[in-house]
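Each of the two complexes below includes subunit A, the first together with subunit B, the second together with subunit C.
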Partner chain A sequence: MWKLRDMISPFYAWKRAFEKPFTIRKPLVERDGPPLYRGFHTNDLGKCIGCGSCEEICQNAAIDMRRAEGIEPAHGDSGLRPAIDYGRCCWCALCVDICPTASLGMSNKYNWISDTGEDWAFTPGVDDGGWNEDELGYTRAECAWLLDPAGQKMPVVGADERRKNFEEMALGYGGDSAMKEAVRCLDCGLCVEACPTHMDVPAYIRAIRDGDLDEGLRLLYDTNPFSESCGRICTAKCQDACALGHLGEPIMIRWLKRYITDNTLDSRYEVLGIEKRARRTGRKIAVVGAGPSGLTAAFYLARFGHAVTVFERSEKPGGMLRTGIPDYRLPADVLQREIDVILDSGVELRCGVDIGKDTTVSKLRQEYDAVYISVGAQEGSSMPIEGIDLPRVLVGVDLLARIAAGERPSLGESVAVIGGGNTAMDVCRSAVRLGADKVTVLYRRTEKEMPANAEEIEEAREEGVEFEFLVSPVKITEKGDKLDVECQRMRLGEPDDSGRRRPVPIDGSEFTVTVDTCVMAVGQQVEGSFATATGVKVTRWNTFHVDGDTLVTDTEGVFAGGDCETGPDDAIRAIASGKKAAWFINEYLGRDG
Partner chain B sequence: MIGANGHKDPRHPFWAERPRYDLESEKYLKIWQGPQHPGVTGNMALELVVEGDIVVDCRVHVGYLHRGFEKLMERRKYINCFPIVCRICVPEPDYNEYLFAAATEELAGIEIPERAKWIRAITLELARIASLTMGLGGQAGAFGLGTIGQWCLVHRDYVLDLFEELSGHRIYHMYILPGGVRHDLTPGFAERTEAVLRKVEKLMDDVQKVLFDNAVIKARTNGLGVIPYDWIDPFGIVGTNARGAGGTRDVRRDYPYLVYDRLDFDVITGDRSDVYGRSLLRRAEILMACGLVRQMLRGMPAGPVRTKLPNPLHWRIPAGETYVRAESGRGEMGYLMVSDGSGYPRRVHVRGPSYTHAMALFEELVRGVSIADIGGLMASLQTCPPEIER
Partner chain C sequence: MHGKESFRTFSTIKETLEFAISMEEASYRFYTEWAGKTGNEVIAAVFREFAAEELRHKKLIEDVRAGKKELKARHDVEDLKLADRYVKPQMTDSMSYQDALLVAIDREVAAIALYEHLTAFCVEEELCLVFDALADEEKKHKLKLEKIYDDNFMRED
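Coming up: the complex of A and B.
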């Protein structure tokens, strides 16, 4: 059974003695890892926003978000940086794969000797282990990013169709889109800080994911009784701060908010427990102005159990939400049903009361325990140029108010809109809907500096609005039944206080635009006559002078907030002021609520 | 040389019978072997009853490596399970990565790109080469031929060099994940792989001369640990152990997955089911895997390697249950995954081939074997304790 070959063959092993050894002679020779080696972490601190997604995905709980020396929290940056416990890390690099800003990476280094145990918690980028500048190491391939950069598109009415009327153009998410969008959220919470009223965005997005829209609605109303309106027209500072916005589209937070309110219409009163509550504290508060700020304050004060009376000069409540925003963005019935919720929770509304004529702030102060002034900044600004008072030179906010009241004024065939803010966008798009064929927006800086939302600029373009940048009117003259708007070209100079580059006129560049109507949408201001008549201390812009933390004016028991305190701003800032005022009025009244 | 006592009682299956030995008689001696010992990588203990140097009874004790992977997975999001499954088995982490990913994809209804399937199959075959080469070295080492053990480990390291290049890491690659693979093959990977395959093939020539054409090895392994054909089903024997015993089961052919239905290969079966025969079979498996890798590197299409998944932090997988399997170096390995519709697996059961091989089968095979041959017998079953204890 044994063969001679089996006796001899094993000696073949000796052949190896004459071959090159497999092993290297000096085992301690330094050896780089492979180019894709997942070694110690690196972090580009300039890119890192401290969103904590790495901490969230780490399956070993090796990552801890910590304050790092020299890093301050900022808008869209928590100020925290990941500290990695190398006693727990398993080098899977999921933290690198999920990082929404691609700031995390991994170096090529795998050897590190330290005497102290504290060194195990290492903050890459801040602490220096000698590999921060390592060129090699794991960087995620494009396909390896775990997040989806594309947001769900909002279905909208086509541009040709929407030119014809003031019907709402955004149709709202369906359940599938809302779920897909909600799943994209990282739960990092940078948006909560960015929102002026600090809505708990991750929580209500979670409610969408859980299919519990009632809970979502409750969360919305915890911080914002105008959630339905904000779900349509909010400037969405949260989306600017969204971690996903760095390498992709931010979460469409506004549309998700709208999805919750749109789909809980029938159960709203029941879920929120809206009923005429007993005014159990016996305290009476007057709110002047039924805009977003005043009504928000009234809603939360009523929740505290106070008796709130809101005085409104015009016939209908809503303030700029009603008069300043056209129906195609915020339908009047949507606004009305939202205001009804506020009024039905025990707020008394008196329309047609002009404070200053019918009664005064000081009288209110005697009658009520506290007064909150939130009259807004409704007066349109104009420009100090010749021809500004011609009949066919209109003021943007006034025009919008007329449209909101149901009027459909004819603006003629061609319209020039002066300004670059959201009001200018509302005006130019309304002009299209009023039948103007040629609508031109004249703005003195470039598109980059425009304060209007990029989305609105885009939609205006779709509707056929034309834009002329670096142009400012210098003189308007009447020529038959047309207007000659004489303009001057500008160039950008040094940055001004707001950080935007200041427009500088170019001499000899004048040209003339001939239009039927010219609308000035160059800003708003507080009505000076009202502000000074209240007797409360005002600034030189006629805004009320308040303590920034508590909204207290110099007059005892009188608070002021919203646009009449900040100057013209967006709805969410006004709502935030209202919520803050409610809190501090309650504090002022001895926390009865 | 199988179990020494007869299996007479028809009421019980023969393996359930456990004879009693009178240790007071001084005829028998109870000794413990392990949990550290030469037969296997990892820890398991053998409680042996010996008569002289012949084993008459054995109980296998495991539990030294229990890390509770299956339970851990129930509390981790799907994506968080991916870095831990590879740690279930040191020599063959890729099968775990693949099976976890495949089970997840099946439940979630995800189709992965074509190229990703090819790359996955390449890594699985490379893992087979690495694992079986090391196993062959261990087999030789267990019979005192340490030189071959060294050669084999070096060649496993050559394969690990490829993994290091491909995935960044040598042992726990964390390369195959739900949705595809982490990234594409690196430039020049095919050439370097070819060079390594040639080295491995040359090694197999050497191993043939030194290990298999070897009078001592033949003397020691002939008739050692013979698995009868009719044990295959009762013991759940799979892989090379079953094919050595005359079985023809191979998941790659019976239930083709990835791209195996497009590859040209024959299931290799052996004609002798002792330690020698199984080792010879593994040598043939290594050579076959080399051929398969070549086929795949030539035939693979270009394209993306990864499907975009939903945000892994909130990824919920529809309720369902699935069992996926693959032919690992040791035989059929399977993952049973149950989802209750949440973001966490409700249950993941890992069916590793070592469980039956190293416990029930080994206890039966070891009877009548001399103490010196226990290590070689364990190695021939490709026992891997970490995989027994998930």
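Coming up: the complex of A and C.
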């Protein structure tokens, strides 16, 4: 039914057509939000590592990780920063609650007017909305953190028990621990960049979560045929980069890798399709040195379809993994079964062949289409002090090699170990197991500067090893059947241009340590006589001179990698070199693979 | 270095600086000679580097003599004292980089000792300051070599 009001309403509206409108640019009275209001985001760029957890958790796809001017990618930092689209954001603060570094927060500002639509998406901390320094607003409370900061502990043999023998000390995760650890992973992938061989860590951790360990094993072998060994002894640079490590414990990536290999032993050959395949390319490659780098290269070259022969001077393959790492960290049978997988994939191994005596690199080059030199840096460095040649002054790597070969030499009751790297840790802990009552590590700098893993230092302490920091030996003399190690105390000098503080001797601080045995573990180097005898260009450190991108040497068809190219380093870098060499040797051979 | 040089006496700064220049030239000749003797081209390059460094030192002192630069001891150069505890290697035609560095450090130690000796027996204050400054320069050269040694051969020590 028609009403009169309906008829005149349009005309009523027109009455105000020429009046000033009531719309305003800002509210007449500005009001702050409550102190804990969840307003526009803030981001502490110094803390943010660009892990993208905020982007991942956002339910409205309001966050996009973008390059920000002036921020470069670095170890453990993607270089990206979150940009937030406030057309989508619902201010739920899940991004704040998951942030592993607590860099992300929310101001209590909710009012923002702009004439430009593009301003609705901005990068907190980079684009200045005027609230970056706002102290009010929402920051995550401890109880609201969506992540679990505590890692799963690896069950180990007690220190008193493990002092008695060389049995493996880490027992491995059970299924429950592995699953609890795997679900902590944020899937951010910062670890992939940090790993020298770029293992797809998030993917194999996901495989554990999915209960698909076979898939996990396949992923491991895509980038590392020494995953079982690395699951025990890797220096785990991935863990250093782990986003969770900033405010909690990093994901125990190394132990999760071991969990996969421990639990796929029976299906390994089947899952990986290991079989002696026909060499389809007709190309032959010689690898000199059966250490982690050489065998890794051999494995991937065989996968490319080439015929690979590995020449090894020792009677057994494995290089420093076998001779330099004691059984309590990496049992020889674990290493051997992993090497067997490589050999069973069609790699020929010839042990007891001394390149330089039995044959030469140039002869190998004539017989093979390419040569990869990966002889490592197995010679112990010397410290040219008086008394270094005395009978009970030993070289660390040589002692470890004897122990690995099954010898159990008596070092006496008291042992001094000189050095602060992982070799020194292996030596001092081995000395304990060989029955020494008092083992003392003498290191020229402080604990902070020690190159050894913190975990190794801690375990050595548990086993009773003592440490003397800022001490350097100056002379060793025989005193009856003992050794007098004359030492001098040091202080750290002022930081130089590089920021390093170097040890400076303190005059008049000399003291003597009397021991049965002194072991020098101050580093390793490439055997100079071997390096120069190859005829391949070497550096002043006797490392092989290569093109950093391709590992090719100055000799056509000859590549070099691993410790003999980089100088002494850890196993994972040697493995990464081997993988890289395989790729570029295959390229060199015309990508037949 | 040449111990008999320490018995020389100097009466002018110019004479002192010329002596210092002759010392740098002697070191230059020493390294150049060994660059030719060694059978290892890589180590020969190391000796040539050391020789070039001595020429730079010589140029510095020549600039001081010409009044273009001033030398003044600061007495704040760290001394890592590697040569005090390390046995000096023999010069051979097959020596390693590590040994070559130790030889170079040892030569700098000898040069420092010489200038310090001359400072101690010097009567004219102006000359003493020059000897002192030259000793300081040699300490800087030695520290540079010691740092190279420390970085390369004492990484785990």
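The working rule: the second predicted complex is superposed on the first by the 559 of 593 C-alpha atoms of A that agree within 3 Å, B and C clash if a C-alpha of one lies under 4 Å from a C-alpha of the other, contacts with A are read in each partner's own complex, and residues count from 1 in each chain.
Keep this in mind: contacts are C-beta pairs under 8 Å (C-beta built on N, C-alpha and C of every residue); 3 or more make two chains touch, one makes a residue touch a chain.
Keep in mind it's a predicted model, so treat the numbers as computed, not measured.
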*Return first, second, both or neither, reflecting whether A:R502 touches subunit B, subunit C, both chains, or no partner chain.*
second
*May I ask you to decide whether A:E494 touches subunit B, subunit C, both, or neither, giving the answer as first, second, both or neither?*
second
*Touching A:G421 in the superposition: subunit B (first), subunit C (second), both, neither?*
second
*Partner chain in contact with A:V271 - subunit B first, subunit C second, else both or neither*: neither
*Looking at the overlay, does A:R184 come into contact with subunit B only (first), subunit C only (second), both, or neither?*
first
*After lining up the shared chain so the two structures overlap, which partner does A:P10 touch, if you call subunit B first and subunit C second: first, second, both or neither?*
first
*Have a look at where A:I57 lands relative to subunit B and subunit C in the superposition and call it first, second, both or neither.*
first
_Show me the residue ranges of subunit A that touch subunit B in the complex, using the header's touch definition._
2-3, 5-7, 9-10, 12-13, 16, 22-23, 33-38, 53, 56-57, 59, 90-94, 98, 138, 140-141, 143-144, 146-148, 180, 182-187, 209
*asked:* Give the list of subunit A residues in touch with subunit C in this complex.
replied: 381-386, 388, 418-421, 423-424, 443-444, 451, 472-475, 488, 493-494, 496, 502-505, 521-523, 528, 532, 538-542
_Could you list, by residue number, the parts of subunit C that touch subunit A in their complex?_
40, 42-43, 45-46, 78-81, 84-87, 89, 96-98, 102, 147, 150, 152-157
*Which residues of subunit B touch subunit A in their complex?*
76-77, 79-84, 147-148, 150-151, 154, 164-165, 167-169, 172, 174, 180, 182-184, 186, 206, 209-210, 213-216, 218-219, 304-306, 308-315
